[in-house]
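These are the structures in question, set out in turn.
Next come two complexes, and both contain chain A; in the first it sits with chain B, in the second with chain C.
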Partner chain A sequence: MLLHYIDLSWRSLKRTPLVSFLMILAIAVGIGITMTSLSVYHMMSMDPIPQKSTKLFAVQLNTTDDGTNWWTQDNVPLQLTYKDAMTLHKAEMPTRKTASMRAGFTVHLNNQDLKPFLSDARLIGRDFFPMFDRDFVYGSAWTTEQENVSAPVVVINEELNDRLFGGSNSVGKQVYLDDNVFTVVGVMKQWDSHTKYYDLNNGAFDSPEPMFLPITLVAPMQIESWGNNNGWKHEAISTFEGQLQSEIFWLQFWAELNSPAEVQNYRDYLQAYLEKQGQLGRYNRTVPEFNLKNVIEWMEYNNVVTSDNKVLLGLSFLFLAVCLANILGLLLGKFLRRAPEIGVRRALGASKRQIFVQHLVEVSLLGFLGGLLGIAIAQLGLWGVRTTSNEYNALATMDLSMLLAAPTIAISACIIAGLYPAWLVCRTQPAIYLKTQ
Partner chain B sequence: MLSMKNISKVYQTEKVQTHALRDFDLEVQEGEFIAVTGPSGSGKTTFLNIAGMLEPFTGGDYMLDDVNVGSLSDNQRADLRNQKIGFIFQGFNLIPDLNLYENIEVPLRYRGIKSAERKRRIEQCLEKVGLASRAKHLPQQLSGGQQQRVAIARALAGEPRFLLADEPTGNLDSLMARQVMELLEEINREGSTIIMVTHDQELARRAPRNIQVVDGQLADFTLYQNKTMDAVASQANHPAIEV
Partner chain C sequence: MLEIKPILNSLLRSKAGALMLLIQIALTTMIVSNAASIIFDRIQYLSQETGFPEDEIFSFSVMSFDKTLDLTQKFEETETMLRNIPGVKNASLFNAVPVSGSGSATGLGLQPANERGQDSRAAYYMADENALDTLGISLIEGRNIRADEVIESQTREVFPKVVLLTKTLADELFPTGDALGQTIYFGDMPLEIIGITEKMMGPWLKDSRPDNVAIIPFVGASTFQKIIVRTVPDQRAAIMRQIEDIMLEDHNKRVIVGLRGMDEAKAMYNAADTLMLRMLVVLIVILLSVTALGIFGLTVFNINKRTKQIGTRRALGARKSAIVNYFLVENIIICIAGTAIGSIAAVFLGQSLLNFYSLPALNSLYILSTVVFVIIISVLSVIMPANRAANISPSIATRSI
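The block that comes next holds the complex of A and B.
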């Protein structure tokens, strides 16, 4: 019977092509706008590493004096000082942890074939790769030994490997970063994360960096940060060494904690560490403050999805509701004009339920067609979003779940809009129309 | 087979109460061909609609094949209507978007009959009304008489116990009307019970049993047999409306 209803629905759409087109267009525009907002929202709020998001923790230490105001909701700085980050980085616990810092270099191969270019880079510990589930096309991460001795080694991503070495196995090859020679030890698979959750302080939606170097190179090579540096008191800093010893916050720190016991142990460790730092007179703070936030908590804490995004999403659904109100009016007109035919069908034995279902199938078909056209409009909208900034390249896209959601939302919305007209028409008293047809 | 006792139908508006049927009693036996006549507004169509369960009645008892119609829900009435009753309307009431085959198929689909059986019945019915070669035609491609034959085929396809015909020849010229009447007589000879509402006295006289509805009640036929319908209508004390 369902196929028969679909056939009847298709004939009905063809019978009134203009009204049908207007309804499909109204749904499509509503769905297109809604799906554009919803897709961006979905990408922004999506768990970027679902298999580990509850095991990776961003570390925050409040090493400011009591009374120092910060812009975070609990007054705790987002980043760490170099000396704290490196102390935690070198600590024995937990098993996997990494300091992290944004930097950048001029990249070249010291030949005429490639013009030097600027590129972002990230300085990290070798644990970063297994912590964030990074796989390699060629080679691997640098060794512990190389990290300990600050060896000039680098891991590059596939895209950079294509640019520098034509996509070949470049392990062992050399690349120049600010005229220092680095040896490629690994080529990492392309990382298309839509949210750069491991460093939300320096562009939450920027693409992951194409180069990764040992964090231990910062001091010997005097590598400057390309990220945000946050100071909270006056310090007379005139040398790079002075900057390393300062109270400026400019590094991020992540720890992998695989059980509640590990979390508690690490909390105890951080508590003890901060108490010790207070006793050393680094800051005037009565109660040590620190945070351990997993990936999802970290994204919420950093307002990755802003209230503006939520308002925009709400408005787009409101727009869809307006479209549906128009469709409801058109459906009412269309269905009630068909009352004489319904009278005949009722006389021939159709139950109210059968008439009701027939009309819901028709509105579902409208929703399905509107949903398909809506996907095309949403793609256009997302393309428009992407053209405004490279930051939206990974965000303004529709993944499979959104592609499936579009017709589902369209069909559901149309069924809601069609309930009243379908209910009205199924209550048709057949006797009224049989004599007058 | 069909039994109505003290059936009444009242149309109620805010200010007016109109009695379309009152104390209506009728017994119909299997295989009968009954012509229902009466002046305009006497309640003939209301009777037919109630008999066909197209509208509810206000009071009384209505038994159809030992089923108490008054106790049925709307969906149960739809099922019973689909299984037991075939309708033939004055205006044919074919669905314009569906070809003849599909029009005849409508009640069979609602009954849940399988495709092969539907096909067999439809072809048989189209053959019976002489339109087998036009199965794929749309209703508007046929003459009025042909459309009414399709409507009869549609009514027959469900193999109903009753055929209810409301002015089946009302929109046809006399030649086509005679042809349709002959078809109905043939169907009746084959065993179907037919109740036909008509204004046409000549057609009514061809039916073995005639009943007259006057003022919402069954009238004594002998009282009116020598009077015109208009005269009967003018004697009515309580004008009823025909809906």
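The block that comes next holds the complex of A and C.
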């Protein structure tokens, strides 16, 4: 029966090619525009690590005086001071946690073959790799022992390994960062995350860094942050040691907490830690403030999806509504003009339900065709987005779920638009039309 | 004369089609007026003057990894070398590049940092006496920095004694306009205001105070050093192509990154706004076309449905103009109702955008112009089919189907 209805629909479309084309075009344009902004929105807001996003927590400690304003919604600074980050990093609990900081180095092999180049790097604890599910092609993370003695070791990603060592097993080989010799201990599998959710400060959609070094190197090697350093009070700092002891915020901190009990324990621990720091007179704050936010909450809190994107998405859906109103008007005309034919069919025994279903199949076909054409238009739109901004290269694409969503949205939208015209036409009284003919 | 009564009657007889058109027009009015408001806001933001000759300036960063090198001395030589390239007007080491989105800011006040309450947020550029010339900025009052006032140091233990401020910043600190010669504090360090410059932007165009800028005569050559170069406009591209080779020839233990013209840096900083602007323009152009097509389609449909009645009216003596008028008036009635509802909806949408996303408030002028525009478009899309209807021969009425 369905095939028969589809056949009827197809004939009906061919009978009024211009109107059919206009309707398909309207739905296609609506879907095209909506899918363009929805795809970007989807990529931006997508859970970057679905299997662990509720177990990884960004830690915020408010170590400012009462009355200090910050640009976050609850006035709590986004990053930690060095001394707090390292205290938490070296604490007993939880099992996995890491301080984290962005830096960068000149990379070279101390020979003439390779022109020195600049590369981003991240300073972390070894827990970072299992926390963020990083696998290795060769070697592994550095050992706890190496981390404790600030050993000059580095984990590089596949891309950097290709560039430096032609993709071979480079574990044990040496690489120069600035003018210091580092030993490669591991080659990490390429990390293609389009949201840099573990550090949203300098470009939320930048690629992950290609090199990872022990965070314990910061102090001995005097490694400056390439991220944000935010001060909030006047401090006379003239040396690197001074910066390490200062109240400037410049490190991120992540903890893996696998159960509500662990979360509660850690909250108690942070509460106690802050109370103690307050008693030591480090800051002037009546109620200790801290945040534990999981990956999803963290992205929300950092406005990864900007208000512009949300506005655009909303306007796109309104636009789709306009297209639907348009189609509804056209469908009304098309279906009602067919009333005499329906009258005859009803007289020959077709039930109201059958007529109704037949017309819904017809609008679904319209929606399907419109959806397909809409995908093409959306690709054009996304191409336009990519040419405007490099930052959107990885974001302005449609993944499988979006490709499936396009015809789904198109068909459901068309069915909604077609309900009323189909209902009108199935109420046709056969008698009237039989008489006039 | 306008036959409003019969038109209304016939509209009420076939409500659905007219209602769809009305909804379409209302939504269109609502979307277009809000989108237009955002578009004009962004155009204004994107086309603002930065104060710099953007097409003459380019910048790059130098990462030096030779630990044995005396950076201060080497960069002094590099600067001289850069200034001697034919086509280069001037070049300077800077701590930050204007409109690039990365730099330093502080609070400047009339008392030392520990003794004051409110201070003025300001971005600061640290460079030598060539700073103004390199940026192509001129002084309004006072004098430029002298070479002997520039401090060259790797630490901040010795700090400069003088500062240049933009007019905006000077006026914020000294509302009475007598900033020249006064002393302000950078942290605890006193700085005498020796000159006031014309308007220029700091590193962040989206800052709450984008043109509060101070120039401090301090050069702290660092391992990651930014350099700004100003050239003759038509030679900038050529010089930019050679600059990496020139810099590496000067010294090979360094890496050159982030080489870009100031206009390019500004475009990168504003990429998201440009994107929003383009998407909204595309959206409203297509939206208006879809609405126009919808009106066109519905009128054609109505005319087909009423061919016989039109013929009868013509046979009974109606002029062609009466037929055209009929459809025009019908359309305008729907249009006015639609735009009226749309205007109210637009105000609500504008309000919620303002509340939730802190977008600029919707000016009623945008609504008004949108309404006028929508009505014009709708009249234009109805005229053609209406004229066709007017040409229906009266003889149709006398024929049966």
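As a working rule, the second predicted complex is superposed on the first by the 431 of 437 C-alpha atoms of A that agree within 3 Å, B and C clash if a C-alpha of one lies under 4 Å from a C-alpha of the other, contacts with A are read in each partner's own complex, and residues count from 1 in each chain.
By definition in this document, contacts are C-beta pairs under 8 Å (C-beta built on N, C-alpha and C of every residue); 3 or more make two chains touch, one makes a residue touch a chain.
Note that the structure is predicted; figures quoted are calculated from it, not measured.
Clash or fit: chain B against chain C, after overlaying the two structures on chain A?
Superposition check on chain A shows chain B and chain C fit without a clash.
May I ask you to decide whether A:415 touches chain B, chain C, both, or neither, giving the answer as first, second, both or neither?
In the superposition, A:415 contacts neither chain B nor chain C.
Between chain B (first) and chain C (second), which does A:76 come into contact with in this model arrangement: first, second, both, or neither?
In the superposition, A:76 touches no partner, neither chain B nor chain C.
Just to be sure I read the superposition right, which of the two partners does A:46 touch: chain B = first, chain C = second, or both, or neither?
After superposition on chain A, A:46 lies in contact with neither partner.
Using the touch definition from the top, say if A:348 reaches chain B (first), chain C (second), both or neither.
Touch status of A:348: first partner only.
Once the shared chain is lined up, is A:311 touching chain B (first), chain C (second), both, or neither of them?
Second partner only.
In this superposition, which partner touches a larger number of chain A residues, chain B or chain C?
Counting contacted residues of chain A, the larger count belongs to C.
Given the touch rule stated above, what does A:292 touch, chain B (first), chain C (second), both, or neither?
After superposition on chain A, A:292 lies in contact with neither partner.
How far apart, in whole Å, are the nearest Cα atoms of chain B and chain C in the superposition?
12
Once the complexes are superposed, what residues of chain A are shared between the chain B interface and the chain C interface?
none
Which residues of chain A touch chain C once you look at their complex with the stated criterion?
These residues of chain A touch chain C: 19, 22, 26, 29-30, 33, 36-37, 104-106, 108, 116-118, 178-179, 224, 234, 236, 238-239, 306-308, 310-312, 315-316, 318-319, 321-323, 325-326, 328-330, 332-333, 337, 381, 384-385, 388-392, 420, 424.
Given the complex with chain B, which residues does chain A contribute to the contact?
Chain A reaches chain B through residues 1, 4, 11-12, 15, 340-341, 343-354, 429-432, 434-437.
Can you list the chain B residues touching chain A in their complex?
Checking each residue of chain B against chain A gives 45, 49, 52, 54-55, 74-75, 78-79, 81-83, 87, 89-91, 93, 95, 97, 106-107, 109-112, 154, 158, 166, 243.
For chain C, which residues are in contact with chain A within the complex?
Residue positions touching the partner: 16-17, 20-21, 23-24, 27-28, 30-31, 34-35, 38, 63, 65-67, 113-114, 155-157, 187-188, 223-224, 253-255, 257, 268, 271-276, 278-280, 282-283, 286-287, 290-291, 293-294, 297-298, 301, 304-305, 353, 356-359.
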